[in-house]
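Note that the chains are named A, B, C, D, E and F in the order they appear, and that numbering of residues resets to 1 at the start of each chain.
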Amino acid sequence: MPTAIYPGTFDPITYGHIDIAVRASKVFKRVIAVVAVNQSKSPLFTPGERVDMAREALKDLPRIEVIGYSGLIVSCVKEYGASAIIRGLRAMSDFDYEFQMAYTNRNMLESAETVFFMPSAEYTYLNSTLVKQIARHGGDIGAFVPDVVKRRLLEKM
Amino acid sequence: MPTAIYPGTFDPITYGHIDIAVRASKVFKRVIAVVAVNQSKSPLFTPGERVDMAREALKDLPRIEVIGYSGLIVSCVKEYGASAIIRGLRAMSDFDYEFQMAYTNRNMLESAETVFFMPSAEYTYLNSTLVKQIARHGGDIGAFVPDVVKRRLLEKM
Amino acid sequence: MPTAIYPGTFDPITYGHIDIAVRASKVFKRVIAVVAVNQSKSPLFTPGERVDMAREALKDLPRIEVIGYSGLIVSCVKEYGASAIIRGLRAMSDFDYEFQMAYTNRNMLESAETVFFMPSAEYTYLNSTLVKQIARHGGDIGAFVPDVVKRRLLEKM
Amino acid sequence: MPTAIYPGTFDPITYGHIDIAVRASKVFKRVIAVVAVNQSKSPLFTPGERVDMAREALKDLPRIEVIGYSGLIVSCVKEYGASAIIRGLRAMSDFDYEFQMAYTNRNMLESAETVFFMPSAEYTYLNSTLVKQIARHGGDIGAFVPDVVKRRLLEKM
Amino acid sequence: MPTAIYPGTFDPITYGHIDIAVRASKVFKRVIAVVAVNQSKSPLFTPGERVDMAREALKDLPRIEVIGYSGLIVSCVKEYGASAIIRGLRAMSDFDYEFQMAYTNRNMLESAETVFFMPSAEYTYLNSTLVKQIARHGGDIGAFVPDVVKRRLLEKM
Amino acid sequence: MPTAIYPGTFDPITYGHIDIAVRASKVFKRVIAVVAVNQSKSPLFTPGERVDMAREALKDLPRIEVIGYSGLIVSCVKEYGASAIIRGLRAMSDFDYEFQMAYTNRNMLESAETVFFMPSAEYTYLNSTLVKQIARHGGDIGAFVPDVVKRRLLEKM
């Protein structure tokens, strides 16, 4: 019963994240999107808000769950008995960061593999930071995030 | 009468920026360097100072104007009826950021194209952040910025 | 009356090439797609066939012409009085090759600038070599090339 | 019962390939290493030799099989009912080629995902071409390939 | 008597830094690891602590010294009569930053060359930031840093 | 008495190669440019011609010698008691190839380090293949290669 962890900040969740989660759920029976509570970043939304939005956005996908987690990803992987850590790999990803994280996680936990999925081409250039910038300037973000996120972003601004 | 927008933080303008503006003015009738007032960065110079320095540095180039702009670049493009957004593409640019911006802008405004120009090889490794660091340590920045910028930088330090 | 040269092997022309030509024609009055007769590559189609297919594929676009050219691109640029050389820049382009070509061309002809356009995201991973491989294995290439090219490719195989 | 296809030229199989196959077998119940019979490359070993060496090298791994296949990878994926295509992603991979292949395959077959695994750091710079070059010059290749491959390579040279 | 400067933040020193210093000392008679006092970063450890840890970690290597330095690296190079500036170059380094620094330094001081060394493959993905993150979450960092650094990091957290 | 090996195909030697050799000779007492006789490439010039041109081009530099060598680079390193292998690292180098070669050489010979130097910015986009292409089309190559090479290239064409 292969389980996969899909960690991220999800500040907020975008169609790009959802695309990766759906693709992962074609390969894994159970995909757990893990909203990381990372103290060194300063997200726009609280962990609770980020979990809520991700749950709402993914609620129709039976194989995908959403949790919040504070701590090392490898601890979360062990706790849930996962065999894989999911990452989306866009054409111009920050490969360095991705590979560092993956090797560091492997170094701490040999039993789980980091596996990379490619998003749809249309989401290759989508990320949360850009979405927030556009929302801040009053641009339309309907093509980038689900309605629940759009509504919450407008409330924040 | 093709007009092009050349957006940037210009904090401060360097010979690298000027090089790109001049190249763009060989292809476009009118090039408008747009000093972006971006709230999420914390520039060394005020928007007014940045516009002043850019104007002074570009004053002998009749096809190139300088304005300050607060808001989405695509709004500026529409306001000035531009058909292109100019970006300099250095060998080791932050391609990811450049491509994200370009696709996001295209997503919001189909009528304008982002076009990339290459700087002179000698400016491939020049950027404003490095210039400020060198000035801060008392190094000579005469090879990187025009006199007006050099003088203002020394005043700031 | 700014003219731009869009050089390539076009062996054969794909929707990715057409996308770039159309984008360039929004910025330039006249875009000349130049089918390069490069002796060091061994194309599948003859120069004449490549010109024919490109002409057929671009025939409804009044600002875009197609010619064959044997010789240095800079000679062609001079001959047609062009101010720009167009190149498509995909996310994972062979930047090294692109920048080398661009700097070499600049070195030989200062008056023309190489300007890079981005294709639609859906064409980011499309190239002629892959199309030919798929056709060779009997795969469907209708999403990658116009009908005229599809027909000719099937004839060749 | 998730099956994954691991395609490659395997000319010859190296410890890097084996490392990826083993990692994939931690996530997938059945991993089929597919020795591609690609007409456009000119491999050192015949398809039969490459299959033999791969089988010998992987014989103690019950979840991993080896087959030869001539045709499109997506046909092979369909034939074996696989849900994933495995690729190793080294730090400096030819990302362009990898992403092109993956998007092209997705375009032809939506039901299978390409998933990327990272090799052990020690195999980051290992590939078949280098191994063949070293063998050709009489260098020791014992750290790069299993004994069966070493023996066959020496016979070829 | 060729001397080389090896500048860095060393916040804190890792096995990756030590690996590069040792490799440089095979080529240069004297390698001076320079703990940069850079005002624009906010390191976890004070300059004094960073120098102490680096000295302790490198104390058995007779050709390698450690100093703290506040100011431009090129001033340090001149002061010590060095002919080279050492940098480690990992597979996915921030090449842009590295090349910018190197060209800027060359621009200010022609007499010294920046030379890049490659770390052991096992340290390709190791950096100080990751080590601090893992320590913060209570992970084991014994594989990444010497005992003296591990002890100090635990004290800080 | 540190000696460094500078291997390459040098088909033909360009100002970019010369620039790297000169920089290396500021750090090393003796730099030996090694014209590799590599059977798997098909160079334009014979090994003898390549050695001749390189010798002529470097004849005024007392610390730099030129030899031809057939075999593994590490054998050459051992034969000449070198402690370093020199490589030029351009902004958009084929890093993958460079790192593979360097790790493979380290794997075969621990005692020598590969050290990378950066060329002058003006030579960032220069390589032998482009020079040959330009010469083939009758372009002027005086900015890229010394007179001796220019003359020989024209004879070949």
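Here is the rule we use: a contact is a pair of C-beta atoms (placed from the backbone, for glycine too) under 8 Å apart; a residue touches a chain by one contact, two chains touch by 3 or more.
Please read all numbers here as calculations on a predicted model, not as lab measurements.
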(Q) Just to be sure I understand the contacts, which chains border both subunit C and subunit B? (A) A, F
Q) Out of E-F and C-F, which chain pair has the most contact pairs? A) E-F
Q.
Report the chain whose CA-based centre is farthest from the CA-based centre of subunit B.
A. D
Q) Cα centroid separation between subunit B and subunit E, in whole Å? A) 33
Q: Return the distance between the CA-based centres of subunit B and subunit F, expressed in whole Å.
A: 38
Q: Would you mind pulling out the distance in Å between where the CA atoms of subunit A average out and where those of subunit D do?
A: 30
Q | subunit F residues counted as touching two or more neighbouring chains | A | 91-92, 95, 99, 102-103, 121, 124-125
Q.
Please list each pair of chains that are touching.
A. A-B, A-C, A-D, A-E, B-C, B-E, B-F, C-D, C-F, D-E, D-F, E-F
**Q.** Residue ranges of subunit B touching subunit F (in the complex, touch as defined)
**A.** 91-92, 121-122, 124-125
Q) Which residues, counting only subunit B, touch subunit E once they are in their complex? A) 90-94, 124-127, 130, 133-134, 136-140, 143
Q: Using the touch definition up top, name the residues of subunit A that touch subunit E in the complex.
A: 39-40, 71-72, 74-75, 95-96, 99-104, 107-108
Q.
Quick check on the complex: what are the subunit C residues that touch subunit B?
A. 2, 23-24, 26-27, 83-84, 89, 91, 95, 99, 102-103, 106, 111, 113-118, 121
